[in-house]
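Paired with chain B in one complex and with chain C in the other, chain A is shared by the two complexes that follow.
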Partner chain A sequence: MPLSNSPDVIVVGAGVVGAACAYYAARSGLSVTVVDRGPVAGGTTGAGEGNLLVSDKEPGPELDLALLSTRLWRDLAAGLPDGAEYEAKGGLVVARDAARMTALRAFARSQTAAGVTAQEVPADALHDLEPHLAPGLAGGFLYPQDAQVQPALAAAHLLRASGARVRTGQEVTAVLTGASGEVRGVRTRAGDLHAPYVVNAAGTWGGEVARLAGAHLPVLPRRGFVLVTEPLPRVVRHKVYAADYVADVASGSAALQTSAVVEGTPAGPVLIGASRERVGFDRTLSVEALRRLAAGATELFPVLAGVRALRTYAGFRPYLPDHLPAVGADPSVPGLLHACGHEGAGIGLAPATGLAVARVLTGDEPPLDLRPFDPGRFTGVTA
Partner chain B sequence: MTGSPSEPYDLAVVGAGPAGLAGAVTAAELGLSTVLLDASGRPGGQYFRHPAPGLGATRPGALHHDWPAFTALRRRLAASDVTHLAHHHVWTVTRRAADDWTVHALTGPDGDDGKPVRIRARAVLLATGAHERHLPFPGWTLPGVVGAGGAQAMLKAGLVLPGRRVVVAGSGPLLLAVASSLTAAGAHVPEVVEAAGYLGYARHPRALATNPHKLVEAAVHGTALARHRVRLRPRSAVTAVHGTDRVEAVTVSRLGPDWRPLPGTGRRVPCDALAVGHGLVPQTELATGLGCATRRTPDGTDALLLDAWQETTVPGLWAAGETGGTGGWQLARVEGELAAVAVTARLRARPGLTTGRRVRDLARRRDRMRAFAEAMAAAHAPGAGWTGWLTDDTEVCRCEEVTAGRVREAVDDLGARDARTVKLLTRAGMGWCQGRMCGAAVAALAAAGRPDGAVPPSPARRPLAVPVPLAALAALPEDPDGPDGPEDH
Partner chain C sequence: MARTPADLAGAEPDPPFEITFDGRPVPALPGQTIAAALWGAGILAWRTTRRTGRPRGAFCGIGQCFDCLATVNGERNRRACLTPARPGDTVTTQEGHGHDRLAV
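Coming up: the complex of A and B.
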């Protein structure tokens, strides 16, 4: 039985990426329905720290998407209640020794050329920025564009601001297609919903939704834990992490590695992220992941050693084999668009993704080159 | 040494209440090397809480009709080879295989003496009990308002009364016991205010008839209360508390069948304290952290799903007592014993242990008492209308100071349909108590928004059962089988 008032677009997924797609599509004059089998922000969005980072990205398509998002987030936050706790706190990347500082300087220089603002902080000035940092660090770089939002609030407020019809607790069980394979809508347990466009913003389950539509998108989950401390006065002011660089002699490129990311929140607790494991959808606590997070955090901020962790939670980052998201039209199913696979950067990349999806829907010029994010790039790849 | 990495204990029991004590002594008597970890300094759990020796109580059993049963368990513990680790706060349990477990604990009276401990065992029995369920109401944060179970615990542990004139309110069989203890200790209890109608029991005549000890218990309390002229007010609730610095009076209102307060029925009852509780919530976080399945009890809490031998859905992990659903100390003791027998049968490959007459008899008693517990739970299940007594400015989450109004906003305006989403949007349940105080209330308020998009409620996830210092986590031994190496974000 078809449900009444067919929208122009159905967005599958009420996380931050789905919310941003709904928001920009609605602003382009389209009517939007968002469906999710769970609640608002029930997947990766609700398990994230709300990182809006450019500092950790090397020059390339993901950094371009992040830079555009950084600008969009600033505008979005200004229009949301309490700004969804948006905070342009800046990121501070520190180096433990001179060799790492040299590598960090080279990395920052390449980012600067791509449009990132990065300011070198000499060793003796680190404690002006972060008074509780461990002694003996070689220096660091300040990234003023790095920011933070409270991700669940951001998604919920974006959804409300979009005016989209939101159907939570309704799992999509089929993607309806027409005679020539084009999308006609989705089937949920509550009934059929018709629309000429369906946006797959199902995050970690994006591969599953693609499969329902007869498309192929190899999205896989990658587990991460976040540790949350008791509420504290502001002992950590920026988003702080230590960078290590492993020089790859063959390619001459530097691959970034990081330790625990430590940051304060307006509400008081310090958040410590983020571990990574390929373990499927297993929520079982990994004591080893907690050990590494705690060790990394207390190494950077010795003052945290006596602080108690009140809770920890796991989330699943949706990643694609080349660690870039899929954004744009599916090559084989007319009317199907993808906006998923953002790995651990979905909060940060959501606005640019949503804007790009809206432009594709209205047939306008996308805000950046979408070719690197082409969902068709995995076609023919077998799992 | 037993429990060292090379030689694990056969059984680690978490919690030294009636279930854990019975489980530990039975296992040891059957020949298992057993370790018993408990947060408290003395065994007994919540039910058999008793004053520290230093307080000089001459008759610690005066507040317990069942004191001899406890002293018998305590004697068996003293005579056994059980390693009793008091002041051990278990923060997580991890599993490598069905017979390879590690129990992680912090030590010290408050878990803060800085020496984290790991105990290895071939099987684990969780007997972590329950905590009190609180349904908020206007004024519940005023000094003088205490938990009903908390009032009894204060009395049992330190012989301290919460006030001189104490109204007892809420729902559940505990209220009568609390009123009885309070009057015995010298307080005046003007009223016991029970939200359910006791007629609810009549729907389960069989469960009542087959549990005569429960009727005796009720009769004992009933007689004591009648002697002290305590009035019983069924189908009523405290819907407001009055006073500036502390409780001076409460408003008691009549309730409709779904617990919605009936307008115009409020009566003011002077008192200087209010002891209020709405039953118990099983403490299941150690088990749910390991992926154990839960079931919804008739009074709307989540209890561990257990098989006929008290094993959870994760092989090698057993549970007994309130973790499987509230049922009282006698049921807990029987379940602890059954679990110990089942663990021994498994570890020693002695299936014959579980077929003896005594064990069959234990299982029958367990089933009978469990049926009674479920009937009681059904009779005292909170009606959906109770949120009707919450004003928008009633604080629901005390740790994070979140009001009912803000929770309703998250539900009505932002699409929250379950407690977890409300938590993400309002911080309700993110503070020190991790939702143990406000969880029931938040879930009920979230359910109000559910008709237009059902999201089934899920049990609370608390991977850290108690707060853990970062230094203690950082000092854990490295595990090469852990997460992937460090990488980009």
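Coming up: the complex of A and C.
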């Protein structure tokens, strides 16, 4: 049974990437329906910290996407209600010893050449920026472009601002195709929805949606825990993390990795990350991961040893083998677009992804070179 | 005379003892929570909110809402509705989260 008022585009996934796709597609004059089997921000979006980072990215396509997104988030934040908790707080990366400081300096220099603003902070000036930082650190770099949002609220506000029709609690069970294999819509338990374009913004579950359409996208889950403290006054001003974090992000290892990432929130709690491990969709609480998060955070900020951790949450970063998202048209299924696989950077990369998808939908020039994100790169078939 | 919960339950508690609230003596019965003792003394608020300093006391009374946080014997963020009163307990009004001194 077809539902009435067929839209121009169906976006599968009501996370932040789906919301950004809906927002920019709608602004381009397209009518959009967003479907999700759960609630808004019920997947990886709601399980993140809301980081909008350039500091952790080496020069390359992902950094280009992040730099564009940073500018777009600033514009979006100006138009969204304060409830999105956008904060242009800046990131502070600290090095434990001289060797790590040397490596960080080289990394920051390469980023600066790619358009990132990075300011070296000598050891004796770290405490002017973060009074509670542990003594004895070798120095750091300040990245003023790093920012933060409350991810679930940001996705919800973006979705509302898009004006898209939102169908939550409706799992897509099939992608409908026509005689020549082109996309015709999606099937949900509530009925069929017809549209000439379907955008796969299903995040960690993007591989499943691709499979429903007869396409191939090897999205894998990479689990992460966040430890949440009791509400505090502002004790951490920036997003502060140890330089080791960058190496962990880029690693392909399946084993548990943790590096200290600490930040305050407007609501009060301090969020402590970041752990990475490839264990499938296993939600079992890992005491070892939490122990390491707590140890790493108190090493950076000894003051945190005197406050309580109230809760923890886990999420699954959508991870593609080369650590780049899939953004653009599917090479084998006409009408199918992908916007998923952003790993732990989806909140930050959402606006540029959404804008690029909208440009592809309208046949306009994308805002940046999308070839590195070609969804066909895993099958050898290019669009 | 008004009937008290103790009358209704037919309770025969041991003799009362004293705790203090912001330096003022407050009677408490064995087994009573701090919130119950404060209510019994007509005290309804023992915390102020983080942002606007509004008064807060017991709301749910069963440990779920965390509105009744108080500083007890110097330890902040104790749920007054779950914490049994002990002789000599010192309860003080808590400002916000009780961590103001950490602010930077």
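Annotations for the structure displayed:
Everything that follows uses one rule, which is that the second predicted complex is superposed on the first by the 363 of 383 C-alpha atoms of A that agree within 3 Å, B and C clash if a C-alpha of one lies under 4 Å from a C-alpha of the other, contacts with A are read in each partner's own complex, and residues count from 1 in each chain.
The rule is short, and it goes like this: a residue touches a chain if its C-beta (ideal position, glycine included) is under 8 Å from a C-beta of that chain, and two chains touch if they have at least 3 such contacts.
Fair warning: this is a prediction, and the values are worked out from it, not measured in the lab.
Applying the stated clash criterion after superposition on chain A shows that chain B and chain C collide. In the superposition on chain A, A:Val303 makes contact with chain C only, while chain B stays out of contact range. In the superposition on chain A, A:Arg71 contacts neither chain B nor chain C.
In the superposed model, A:Glu230 lies in contact with both chain B and chain C. Counting residues of chain A touched by each partner, chain B versus chain C, the larger count belongs to B. In the superposed pair of complexes, A:Arg283 makes contact with chain B only, with no contact to chain C. By the touch criterion defined above, A:Pro131 reaches chain C but does not reach chain B.
Across the superposed pair, chain B and chain C both touch chain A at residues 230-231, 307-308.
Against chain A, in their complex, chain C makes its touches with residues 50, 77, 96-97, 99-100, 102-104.
Against chain A, the residues of chain B that register as touching in their complex are 92, 94-95, 104, 289-291, 400, 410, 413-418, 420-421, 424-425, 427, 430-432, 434, 450, 453-455, 461-464, 467-471, 473-474, 476, 478-479, 481-489. Those residues of chain A that touch chain B in the complex are listed here as 14, 38-42, 46, 51, 53, 56, 152-153, 156-157, 159-160, 166-170, 223, 227-231, 244, 255-259, 261, 267, 269, 272-278, 282-295, 297-298, 304-314, 344-345. Interface residues of chain A, counted against chain C in their complex, comprise 130-132, 230-235, 237, 268, 303, 307-308.
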